[in-house]
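Scrolling down, you'll hit the structures one after another.
There are two complexes below, and they share chain A, which is joined by chain B in the first and by chain C in the second.
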Partner chain A sequence: MPSRLTVTGWSVVLGFMIDSACADVVVVVPQHSPVERLSREQVMDIYLGRLTRLSDGTPVVPIDQREGSTTYREFYQQYLGQSPAQIKAHWSKLIFTGHGQPPRSVADDSAVADAVSQTRHAIGYLDPDFVDARLRVVAVE
Partner chain B sequence: MRQLAMALLTALAVPVACGTAGAAETPTLSLNGFGTLGVVHSDERQADFVAHRLVPDGAGHSGAWSAEVDSRLGLQLTANPTSRLSGVIQVIAEQRHDGSYRPFVEWANVRFEVTPALSVRIGRMVQPVFMASEYRKVGYATPWIRPPQEVYGLLPVTNFDGVDFRYRSRFAGFTHTLQGNYGRKDSTTPSGGDVRARDGMTLANTLERGGVTLFASYSRYRLTVAELAPFFDAFRQFGPEGEAIAERYDVDGTRNTLISLGARYDPGDWFVMGEWIRSDSPSFIGDGRGWYLTGGYRFGSLTPYVTLARAWVDSDTSDPGLSTAGLPPPLAAPARQLNAGLNQLLGRAAVQQKSVSLGVRWDLARNVALTVQYDHLDLAAGARGVLTNTQPGFEPGGTVDLFGLALDFVF
Partner chain C sequence: MSKPRGVAEERDPSTPDRAGASRWLHRLVEPPVLFTGLAVLVLAVVWVATLNLIARECVAAERTAAVVAADTAQTYEAQVVRALREIDTTLKLVRHDLGHAPPQKVLAGLRADDLLPPRLLFTVSVTDARGDVIASTHPATIGSENYLRLARIDDGMVVGKPRHPVGEGEARLSFGRRIEDAAGQFAGVVVVTVEASHFVSGYDPEVLGERGLLALVGTDGVSRVSRTGHAEDTGSIIDYEALFPDTALGGMPVVMAVDGWDDVRRYTVARELYEFPLAIVVGLSEAESLAPLAALERTYLRRAALASLLLIAVMGLLGRLSWQLQKARLGVMEERAEHARRVEHLAFHDNLTGLPNRALFSQLLTRSMHQAKRYDKKLALLFLDLDRFKLINDSLGHDVGDELLQEMSRRLRSSIRESDIVARLGGDEFVILLPEITDRSEVTPVTDKILSAVASPVTLLGQEFRLSVSIGAALYPDDGEDEQTLMKSADTAMYHAKEAGKNNAQFYSGKLNSDSLERLTFESSLRKALENREFRLYYQSKQETHSGRITGVEALLRWQHPELGLVAPMQFIPLAEENGLIVPIGRWVLQTACRQNVEWQNAGFPALSMAVNLSARQFHDEGLLDDIEAALSASGMAPELLELEITESAVMRDMAHAVRVLQAVRALGVQVAIDDFGTGYSSLSRLKEFPLDAIKIDGSFIHNVVDCAEDSGVTEAIIELGKSLGLRVVAEGVESKDQVDYLRTRSCDQFQGFYVDRPMPAHEFIAMVREHSAGAEPSP
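Now for the complex of A and B:
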């Protein structure tokens, strides 16, 4: 009889396989933002709360998705190599030491499109199907 | 246990206005909480395994199983009236020096952002003495059930009242955080004595890049243990020899220093982290050394890990004390008593042990993790290691096996 632990382990493995079959999540900024490209490390630091201003002094305001949503899981796996539990643990360290609160989070991909296009210096991530004329995809290398 | 449950319920019932985090410019109020429900079993019935040395009860002698070592509940209210000003109050319920679970204020401070890079705080804060000091009580945020006591046990006190600054800069992809603070702290021992730390200061430096974290800190403080004053005054009655002993071992404004170096590498699927510390006190507390190394691998929601740790003392753990040979019998007896007391003090202060810990953390739901951990403590010859409440039947220098189960949560 498979134990509950084994079952959980397998569902996680399957979950990763399904995730990797989906289209890649893209990082977006408002259409008129000066930000053209970001390094993978910069994206990581922005979403971990370590980077709040780019080297030229431009502030960055990250917009997050609902914890546990598919896009959320994919983004953190794809760009940071971390699971939702690792991200939760990371923010627990900052919240309970008074060193920061996680980025503002919105309900879904279309809400990210709205929030990023309406917020100055915003950066967000979403499924490429939701990219519209108000947004520009940032090259992440 | 009932007391603990009551304290947890009381803390939960505290009414608070709770808002959700909005845009950076609008005032926000957030309520967050963390906690651990943990039990630990010790096979050493002649001594207690405790959370730290300033609490009375643990697993072993007080009861083979104990829920008092790892369990706690914390609630935090964070207010951001403006984007540059914030306030934090964190209240924790856990076993205290008198065995009660009265909630106490762990953090209470106001933070002002002078520039985007520099912030200052005033109030009650936790000292960043070790790499995980500031969140050591948030079990969910750490891989272990409890931080390795060979390192974290050297400083049982976590918070202080004072001021601190935090300066953050970036170079070559590294995020560099320099923290400094100055303050004081009063605490109470299980026997009711006062421990006063004054002129405490810490400088801590953290470098982060990708999965790499490097940490270094230097702390110093003046310590006074008032309840020991009569004991050392008794030594002083015995002339120059006694005065020299009192001078050597008394803790009366003694300058203690602590250095910690730590590193962590966490590329995502696995992690390894370690810390080394040295704590020097020209008193009976002595010169403690310690290190630990933890490594783990993440298989989906399961993270097995292993920790190796060691603590030892670089100063004398015993002393011949007063020479009783030439003393008349009415003086020799109290002198022998004082010598025995001194050696008991030295033996208790010295933490000397090695340990191996094996554990598995299971992130079973969002915000909740269940961790099982087995610890094998190998006490140094003649030492009691991190154990307290040693009974007459306790044999120092043996081995102790601990088995712990903890449910950590954050909200």
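Now for the complex of A and C:
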């Protein structure tokens, strides 16, 4: 129990540090994707299932991580300002009412790197350490 | 007015009803009734409309709530069923694939093919026959006896009771299907686990509010999950049967129920799900559903109340204005009526006494005469004239006269019956009408009463007055059958009473009538009397009291009428005063008296003083002094011998002028005496202001001077007064030796009267003087 609290505490502290250190988790697209930059709202809408095509008609396919991972928590906290429970409730309602399905989720950062690089129009997020030549970091404003 | 109505009633029996109805209608439009009625009517309409509207809104709101509940239930049912089908599909799919690969591989394969429900929410596991999890999408998933027990015996999908995962986290529901081996024996369970809140995540506060209800209930009576607002509940035991009552609301499968979860009354819809051992329940809080209605109701009531107040205020205002208008109108009408009454009263009543005036009396008399004629009765008409009133009025002023008239009118009124009528014709003339007289004898008590009532003393300005009245009575129809004749008869009778010595009542008689007819021609014959030489002077001696010597003579005017014979001065002097003939007549008297006096002297008689009466009008005539001088110079008589006698009232009329005239007269050497002294109410204190030589005590005092203490007191006082002012005092109307003796003891200077001689023509008089002096000579 104490260890969990410590973890939570650290993650919060870390979250603040990341926030102030200008984003540790980065949003990535395949190297050849035409997407150059996204607004924070666009990222939010994409990951809440509200946006499936950008304004120029390009489809977007979000790749998610497992909800337990640190990157997951940080991403949603950092970009969407929401807790995992809120995200879960959001999707629960959408699924129940038949208004949407959550993004496909993969196991970890490297799985995200793989999935994004292999999927046309994909978008994902991961720890910057996992960014490789197949991917391109998208600027989020 | 009542008669035509009576006729109409006979003609049409329904008229009274119609009259009643019209009266009723008339009352209806009276402002208080009209405005109150209108207000009540409009208020009733406003409130009935408002309450009706509220009732309708209430029904509509209930219906809306029921519809919303039913709609929501339908949607919710569809959503639940779809979710359950998806879960069931997953169960079947996994179970199907288990025959071809190890469980974990099956799950991985299905996940790779995206055939499993999102792992974010759903956990898919496989257990063996003992219930141990042998494969799962989520690690560390533990099996549960909860569904295992059911799956062992149940062929279909089983639904576990809500369970909290070991450690922490939301309550979860597990759905399972049994797995059979090739022999058909129970070999395990495929389980899909999901958070119970998933089934109530569709709760939309915009539709269901904060106190609505979404619930998933097992047919076993265990609530799987329920949500009210943001509060979720799992595992409650529910009276399952109670969810499905027999009655339904508004033809819809909606009931008003207090649900098992809390004590909130809700529009509730419950549906059993097809092919699943579950039912859904949807509830809409009655309070919340009807809250807008309550607000609306309050708004309506407030508006109605406001409208009512406004209406009452407006009606009140209108009513008040109308009432004021009506009152003002009524006031104006009353004022007008009052004014008319006042004008009429003024027109028909005497201002001073409030008695009917001549015009009204004329009407009353005519009416009374008609009635008397109709019932064959008589009526009496009394003409009244206050004696000596003119004297009082002239000497004491009109205010006193007015007060006296008012007092007299009060006395007259109190002397007669209620049914009798008193009226004032003008001046000091009154008339009294006595209706319903049968005989002349009934009148006398009334006149006696009036005479005594008038005679009782009146105190005015601290002085006591005694008045008397002369009454003439005439009877209808005996003395006149029309108003004019009757009035004239009564007037004639009144004059007769005056002539008979005043303070009495006289009935009209035919003889009186002829007298008065003659009087009509009096004036014309009076005018001719001077030129026809019909006037005569009679003479009465004046004797010295102490010596009995004749020292003077008074000249008295008489009219020798060719037909009437000798006419006394009181019968024509007032008329002559009135038409001014008195001035030439007086001039003639002066001249004749003076000439006579000188004649007697020339005949050898001793010089006697010659007294001549001056009437008031003569006294104030501008030519008086010239006339006196002319008479003196024409006759050659010594001015000292001439003595002018003037009445008190003539002097008092204009004192300043009187003093001037008297001074001028005395400057000629002529003597001045006040005649009838004691009758004119002149203020004794003023007497000394007048330049006088003598005062003459009125005969009325002398008449009873011996017997009546009052009269003798007055006489003595006058004598004393005269003495103290250095005036000669003369007693008039001496009739007896006792009176002469009395006067002598009181040192009265002179006397005259029947005791010595009656007034007589000149030749008789001079013969008497001769005899007297012959008889008197022996005595010193």
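Rule of thumb we're sticking to: the second predicted complex is superposed on the first by the 118 of 141 C-alpha atoms of A that agree within 3 Å, B and C clash if a C-alpha of one lies under 4 Å from a C-alpha of the other, contacts with A are read in each partner's own complex, and residues count from 1 in each chain.
Convention: contacts are C-beta pairs under 8 Å (C-beta built on N, C-alpha and C of every residue); 3 or more make two chains touch, one makes a residue touch a chain.
It should be emphasised that the depicted structure is a prediction, and the values quoted were computed from it without experimental measurement.
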- [ ] Assess the superposed three-chain arrangement around chain A: do chain B and chain C clash, or do they fit?
- [x] clash
TODO: Return first, second, both or neither, reflecting whether A:R104 touches chain B, chain C, both chains, or no partner chain.
DONE: both
Open item on the list: By the touch definition at the top of the document, which applies to A:F130: first (chain B), second (chain C), both, or neither?
Closed with: neither
Open item on the list: Applying the document's definition of touch, where does A:S55 land relative to chain B and chain C: first, second, both, or neither?
Closed with: first
Task: In the superposition, chain B vs chain C on chain A residues touched - done: B
Task: Residues of chain A that lie at the interface with chain B and also at the interface with chain C - done: 67, 88-89, 92-93, 95-98, 101-102, 104
Task: Complex contacts: residues of chain A adjacent to chain C - done: 64, 66-67, 88-89, 91-93, 95-98, 101-102, 104-105
Open item on the list: With touch defined as at the start, can you tell me which chain C residues reach chain A in the complex?
Closed with: 79, 82-83, 114, 117-121, 195, 197-199, 201-202
TODO: Quick one: which bits of chain A touch chain B in the complex? Just the residue numbers, please.
DONE: 5, 8-9, 12-13, 15-16, 39, 41, 44-45, 50-53, 55, 59, 61, 67-68, 80-86, 88-90, 92-93, 95-99, 101-102, 104, 119
Task: Touching residues (chain side chain B, partner chain A) in the complex - done: 21-24, 28, 30, 32, 34, 74, 76, 78, 80, 86, 88, 90, 107, 109, 111, 116, 121, 125-126, 134-135, 137-138, 140-141, 166, 170, 173, 175, 208-210, 267-269, 298-302, 362-364, 366-367, 369, 410
